[in-house]
Structures are given as C-alpha cells and as structure tokens.
C-alpha cells in the first residue's frame, strides 16, 4: 500500500463519520419510551395503532376545523362524538405532558409547535389570572 | 432503450421483494435486522477494500492539472487554489472541489452556428445547471443522512436535532415538511431528465447510471410516503434502529408498516451496491492525482517507486557513430 | 499520398447529435484523413520495440501476434498495478457529461467517441468486461464488453485522435485526465506492435541522432550557423555560438524544429540574439539536441529513454544548470516527469541568472528553467534594451499551448514578455485562453499530413477564436510557445483564417532587442519590412493542405 500515511487517516475519518451511531450508543440498550397511559379512561378517539402513527393528522385537522370553520364536533370511526380540542379533550385524559407527549417526542427529536399556543394542563394554574380566558381553559 | 428499462425493472423488483417478504412471508426479522446489518457491513468493508485496492498502486508521477498561474517569479500572482504549490493550497483546492464542485462550476456550453455566408461561429457560455442541481442533490442527500441520525441516537446530539429543525424551518404541515425532501427530488429529477432527454447524455449513459438514480428516487419517495402519507409507527422504527446500533437486535414490532421495510430494504441495496459502483467517486475524488497533488515537481523531486533503468543511447555510442563528422565540423569530442 | 482534405465549407457540416446506433454497436471506418500511417518496421526495430512489420490500419489484417489478447490484458493489468490514476479513472467516472463538448475533436467532428467520456469508456468497457465480476457476468448491462479485434482497431483510431491536451481534465469534477488514459492506452497498443510512424520516426531519430529531425552533429551546427549568417545580414551582428563545450555555465536545449524549420528558426534567431546580447556563457549540444520528446506519446519508458540525454549531457559537459526553449510537451516532460524519471540532478546547481542574480527557487530540484522565465526576470530587472515599436507591423495574439498551461501553469510569463516587446497585443475570447485554451489540433504526435482532415477539424475551435481577434483587431500574428504549434498552426491558419502568421515569443524579442553595435534595422527576423501592412492581409501558400 502506498501513501498509507494519508490514506489510513482518511479511512479512519470515514469510519469515525459512518460509525457514529454505533460508538455513540456504545452497546447501551436504550428501551423505547413508555408513555404513561390514562388510568381513568379506556378508549381514545380512534384505535390505538392509528393514534400512535397518525395522531398529528387528527390534531392538524381539528385545528383547521375549529379555527377556520368553527366546527367543534368530531365524529370518530365508531360514530362517537368528541369535542375537537387539544386541551379540553386530549389533555383531559392525557393530563401529564411530560410523561405522555414529551417522552416519545424527545425520543424522536420532534418538537411539535402545539405548545406555542396551548398550555400544559398543570401549568395553567401558574398563569397570571387575567390570561385565563375561556379559550385557554 | 434497455439501458433505461433494465435498471428500472431491477428497482421495481427490489421494491416488490420486501413487500412480498414482509406481507406474504412475514420475514420481519430478515428485512428489519439481517439485511440492514449485512448491507451496512458490505458498505463499510467494501468501501475500505476499494480504497485499499486503489492505494495498492502508486502515483508514479506528479501530474496535477494546473488550471491557473504557477508559482514561479514573485511578480506573477500565483492562482493558489487552481495551481497549488504547497500542501495547504492543495487542501483548499480539494475542499473547494469536494464541497463546492469547483471544476463543474467552470462548465461551458458550446454554441456552434454558421452565418448565412457560411462563416462558422463558435461561442462558449457558462452553464451552471448541472453544477447547481448536482450541488443541490449532494448537499440534500448529506443533510438527509445526517438528520437520520436522530433515529439512531439517544439522546439525540444537539447539532443533529438543530439540523433536523432547520430542515423543517417553514413548519409546513404535520409532520413538518423537510426542505431537503423537495430539493433532493428536484436534484434527482433534473439529473434523470438530462440523461433521458439530452441526446448526447442518453448516448453516453449506461444502466449503471440510471440504476442509482432510480434507486435513490425510490428511496426518497418511500421515505416521503412514510413520513407524509402512509404513516408508520416511528417509535417502533427507532426502537428497531436502536436495537441495530446497540447490537441488541430484536424483531421489529409487527404494525410498523410495510412501507418502512421497502424503505430500509432499498437503502440496504444502495449501501451494498455502493462500493462496487461509480458511486465510489465519493472516495475516489480524494485520490485523483490530477487534483490532490501540489504542482511543485521542479521544486521537490517526486519519487516513482517502480522507476527502473531503461536502455538509453549514451553519449559514448553517439560519439562513436558520428566522431568523424564531429571532428570535421570542429565539434569537441571525448576521444580523438 | 495524403487524402484530399475537404474544403472548409464541406468540413463544417458537423452534426453534434449522436447517431441512432449505440456506440458499442458501431465499428470504426478508416476514412482517409482521419488516421495516421503505421510505424515503419525499421523505426520500430531501431528502438527494440515489439513486432516490427509492414502493416496498415485500413487493411483488414493488422498482422498482430497470435497472443495479442493475452498481451493486451496482461499489460493492462500491469498498468493498473503501476498507475493509481488509471485504477481511479477506470472506477469513478459518473458520466456526467461535463467533458463532452470540451474536446476540440468532438467540436470539430461531432463523432461521439471523441467526447472524452466515451474515449475513456472505450477502455473502461474492457476493464469492466474483462476484469470485474459484474462485467464478466452481465456484460453490456454492466457496461462491459470483451476485448476483440474490432476493439483494438477502435482503440487505435480514437487514442490516436486524442492530443493529450488535458482540456477535459480541467472541467471534470474528479479531474479524470484523458491524456493519462490515452498515454496508457497507447502503451497497451505498443505492446502488440501498434503505433504510428509520425511518432516512431521522430523517436527513432531522436534516440540515435539526438533530435527528431535526425540532424547529424555537423548538420545541426551548420543549421545554427546559417541562422547566424541571417542574423548578420539583418543586424550586422556576428554571433559565434559554441557546441558541446565543456565548462559552460548553461546548457541550452530547444526543440530541433527551431533549428531546422520555419517559422521556428526565427524563434531560434531570437534566442541567439538574446544570448549574444547578454554575453551568456552557454553551449548548445548536438547530443542533447532535442527539447521535444515524442517518447511522451509512445510510452512512459520511451519518454525516459529519450529524456535521459538531457541530464547525461549536462553532467558530461559540467554545466551548472539547463535552460530550455519554447516548447509545449517538452515542458510537460521537464516539469512533471524529468526529475522523477532521470533525477536527482545533484550534479547541477540551482539555476541563478548570471545577469540579475535571481535564484530560480521554484526549479531548485529539476534545475532547469524556461527561457521565458529567464527573459521575464531580465525584463523585470530592466536588463534589456527593447524597442517594441519594431514589432509595430504585427498585431499580436497569444495561443496558450496545452502542456505549459495545463501541466505547469505557464500563463503570465509569456504575456509579460510579449507585452514588453510589442505594442499591439490582444487576447482571444476568455474561454479559449489560459487553462481553457484550445489545442492546435495536431499535438501528441498527430501533426502529420495524412491526418489533415482531423487536424483541421480539431483546430477549428482555436482557429475560430483567432478569427474573432483577426476580424476585430486585425491580428496578423499569433505567438505560441510550442514547436508543434509553430509547425502546424500556419497550416491551420491558412485553412481557416488566412492572414495570420505564427511565431514563438522569442522571435518578437529578437525583433525588439536593440543590439549594441547593430546596423539600422528596417527588416524583421523574417526579413520583412518593419511597416504595418495596410491593404488586404497577405494570403499565404496553401499547398500543404
């Protein structure tokens, strides 16, 4: 082999780059996050597997319906009616953002902009009184 | 035509394989664990093997292509990046080449026409399309690869998370649209269309030129389908990937979605194909002797390891043959 | 003799669109005017090269050795082993097509196999088909094909339609250099006795007599003395150069065409005047009497065999350093190969100008500098009494020769000198000069008459750029620092741009240099009056087209 003094370091740099996830993880078993599920309620608006993969679609659709068309009732695939509201409906059961929403979102590096406008349930009482309008409730 | 159809069929077959394998045969472990492992190993080892194969041959002569003024006398301004003299200048030249595609930036289109009286006119005008779309494609691909690291690390390193958010900066739709998904597609379609529709390009193109394009387009499309349309259990995906990178592989969760297996199988094919294809230009560009050498061969002797003695015509033989002529002409000779 | 060259208007029927039939399906047609005659057996034999014989490319049977295929494949393997460049260039081309319209032969002929990418694919397809698993199994689907007799003929045709000018390499994103590929392809062909006489002849001459022209020592000396007589007639200055003189400070080597043939001889007169003016302690050599090196166009080994004379002679004569004349491929060999092949030259000293004291540090290993580096230094230090108005009858443009520019970076040196010795200088359009300069169309040993059609086609881009400045500024003289240029560009100009003559830079220096004790100068070194022609540009003799 010729020019090993340049080519071997080059290959090492290549390995350092492409093997990054391997040595970064160092063989650590990282279990998938287990979001805590609501204890009081058994059923979500749609089946669990659908919710897991596509909850953002529902939230996105709800927002548009409410904000643009003032429609507030969602009829699920089973025919049940739900209030189209993140805070009043979803967070009613999923009342712990940190242990439900954030666990998976952080695991995947997703930062949804829900919380640009909405508040976490347990943070609401910390807000100044005058900001507590009906909308934020 | 078969030069286009054949690679297209191959890619379609490659798409069908995981669909059948997972949906019909239920080979989740094979497609989710075994094939990705094998493919990645082929990529790493194949890449190293190919570079070492190149390195086993020496660079006998210093043959940089000099695209600017040499360093000679102090009153001439040397083109340092186009005609490097020092190692530092070579590094800059290589960096400009690898990161900015400097040589491609020089591209000119030729315009040949004849005036009514028959006078030929040849003009050259800069054309940046190939450069722009090649750059778009390569940089998009790089950013896409880097942001995929979010699925292979816990916790996700800050810079990678930052890049991921930067890529989705316009916050369009949910999940948010990655800009690189659009730009890589634009780059790929441009590169494909010029091959298909420019007669000279079509003429020089081989199946090996269409295949990676079709393959990468399929990879991008399957990825976009998965993210924007068909949805997959992304937590399940990351769980699978983390199993792979931590060497604790386990079978993927069942409802992860077939589209994911299509995506990862196509990526595996690309990785396994890489070291044996023209895609090795990624490593080869660093080893190109016309670009990675300093133009200083009159300043510093370059050594050829296989330089061997050759049969020459020494002066003694020359004088022997022509001595009388030389003497008559008054040219000094060694032996009277 | 040579085929009749088509008229410019016939030749201009160029279609750059590729034919319907794919390139692997097309067989070469040996049309007169587009290929060079085979090497004469006596020349091949004189060099101990393989398979000397009578043969001709346009015949069906090339009289190849029975095991030609094994020899080619074996040599190919050997070269892959010896040249990383070849391996990398075989593997990494992505066929982006950036090089396609950069080749002067493609521009002038429209033949798709003259696109650099396809020229290289001629070799690559065999590399894949014979040496890689995928190519062996999948054949064409993997871009591979088998080595056949027809492939050999195709190689001959197209690798002797490449002038190794390296223009494509400037534009390639990986720097793939077709010159390197052509050089090695020619080596493969050489091993089975395929070569051309226009290269074999000069090489055999150069090996035996020291120069391409085959000038014997006394003739070489006589020729230079004739030039001195002309100089005496023109300037009244008597010059007595020395030959093979031991103990001289400098050995001067230039292409033998400068000593022998028009218009190079005027350049040579420029050298002689300058050296006399400086009273330089230098000598000519009849043994190392060739700057050029057609070995470069034959094989790396042949390049070394011919080049060895320079250092050997410098050592024998005990000079301090070597000065080289104006030549293109000569300077590629000196700059990029000589010291590697035949060095180290530790018996020489770092070149120092005896007039200015400048140490040419950038040449401290090879110990050879270019005459224009030397002159530029003199001009910079104001050591020359120059009268540029003596070139006022000339409107000058400069042709950057391929090798000095793209294998060295020799761009500003000639311009500094030209602008100091003449008042009317105009550049050709920017995409045709500097690193993007176009070849004369006849380099790399293809400057022969039987190749005239391709030469005129390949020279079209250069000629067209000259035509532009000729019409716009009335340019009537193009300088070129290359002996092949000086030999072939007059023909090219006659064909495409009548009214433009060719010279080396040192001819203009010779015109402008005010020699102490000279008689009043009313004619230039060509013995033409020093007044600018006002009427129609003179049309020159067109007989050799």
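First chain written, first letter: the chains are A, B and C, and each begins at residue 1.
Methods note: contacts are C-beta pairs under 8 Å (C-beta built on N, C-alpha and C of every residue); 3 or more make two chains touch, one makes a residue touch a chain.
Note that the coordinates shown come from a computational prediction; the quantities given were computed from them, not determined experimentally.
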Mutual neighbours - chains that touch chain A and chain C alike: B
Core chain by centroid distance, with centroids computed from Cα atoms only: B
Higher-contact pair (C-beta pairs counted), A-B versus B-C: B-C
Inter-chain centre distance, chain A versus chain C - centres from mean C-alpha coordinates, in Å: 69
Between chain A and chain B, centroid-to-centroid distance (C-alpha), Å: 37
Mean-CA-position distance for chain C and chain B (Å): 33
Touching two or more other chains - residues of chain A: 2
Residues of chain C whose C-beta touches two or more other chains: 84
Where chain B touches two or more other chains at once, by residue number: 55-59, 287
Interface residues, chain B side, partner chain A - complex: 43-44, 47-48, 51-52, 55-59, 149-157, 160-161, 164-165, 171, 173-175, 231-236, 238-239, 242, 245-248, 255, 257, 283, 286-287, 305
Touch list for chain A against partner chain B, complex: 1-4, 7, 10-11, 14-15, 18-22, 24-30, 32-33, 49, 52-54, 56-57, 59-60, 104, 106-113
Interfacial residue positions of chain B with respect to chain C in the complex: 2-3, 6, 50, 53-63, 65-73, 75-79, 82-83, 85, 97, 101, 103-104, 106-110, 112, 114, 118-124, 130, 134, 194, 198-209, 276, 278, 280-281, 284-285, 287-291, 295-304, 306-307, 310-315, 318-319, 321-322, 325-326, 328-332
Interface residues, chain C side, partner chain B - complex: 8-9, 12, 14, 16-18, 22-23, 48, 80-89, 91-98, 100-102, 107, 112, 115, 117-118, 121, 132, 134, 141-143, 166, 169-177, 180, 207-210, 216-218, 221-222, 243-246, 286-287, 300-301, 304-305, 308-309, 312-313, 316, 334-337, 339-341, 343-344, 358, 360-366, 368, 373, 376-377, 380, 405-413, 416, 429, 431-432, 434-436, 460-461, 464-465, 467
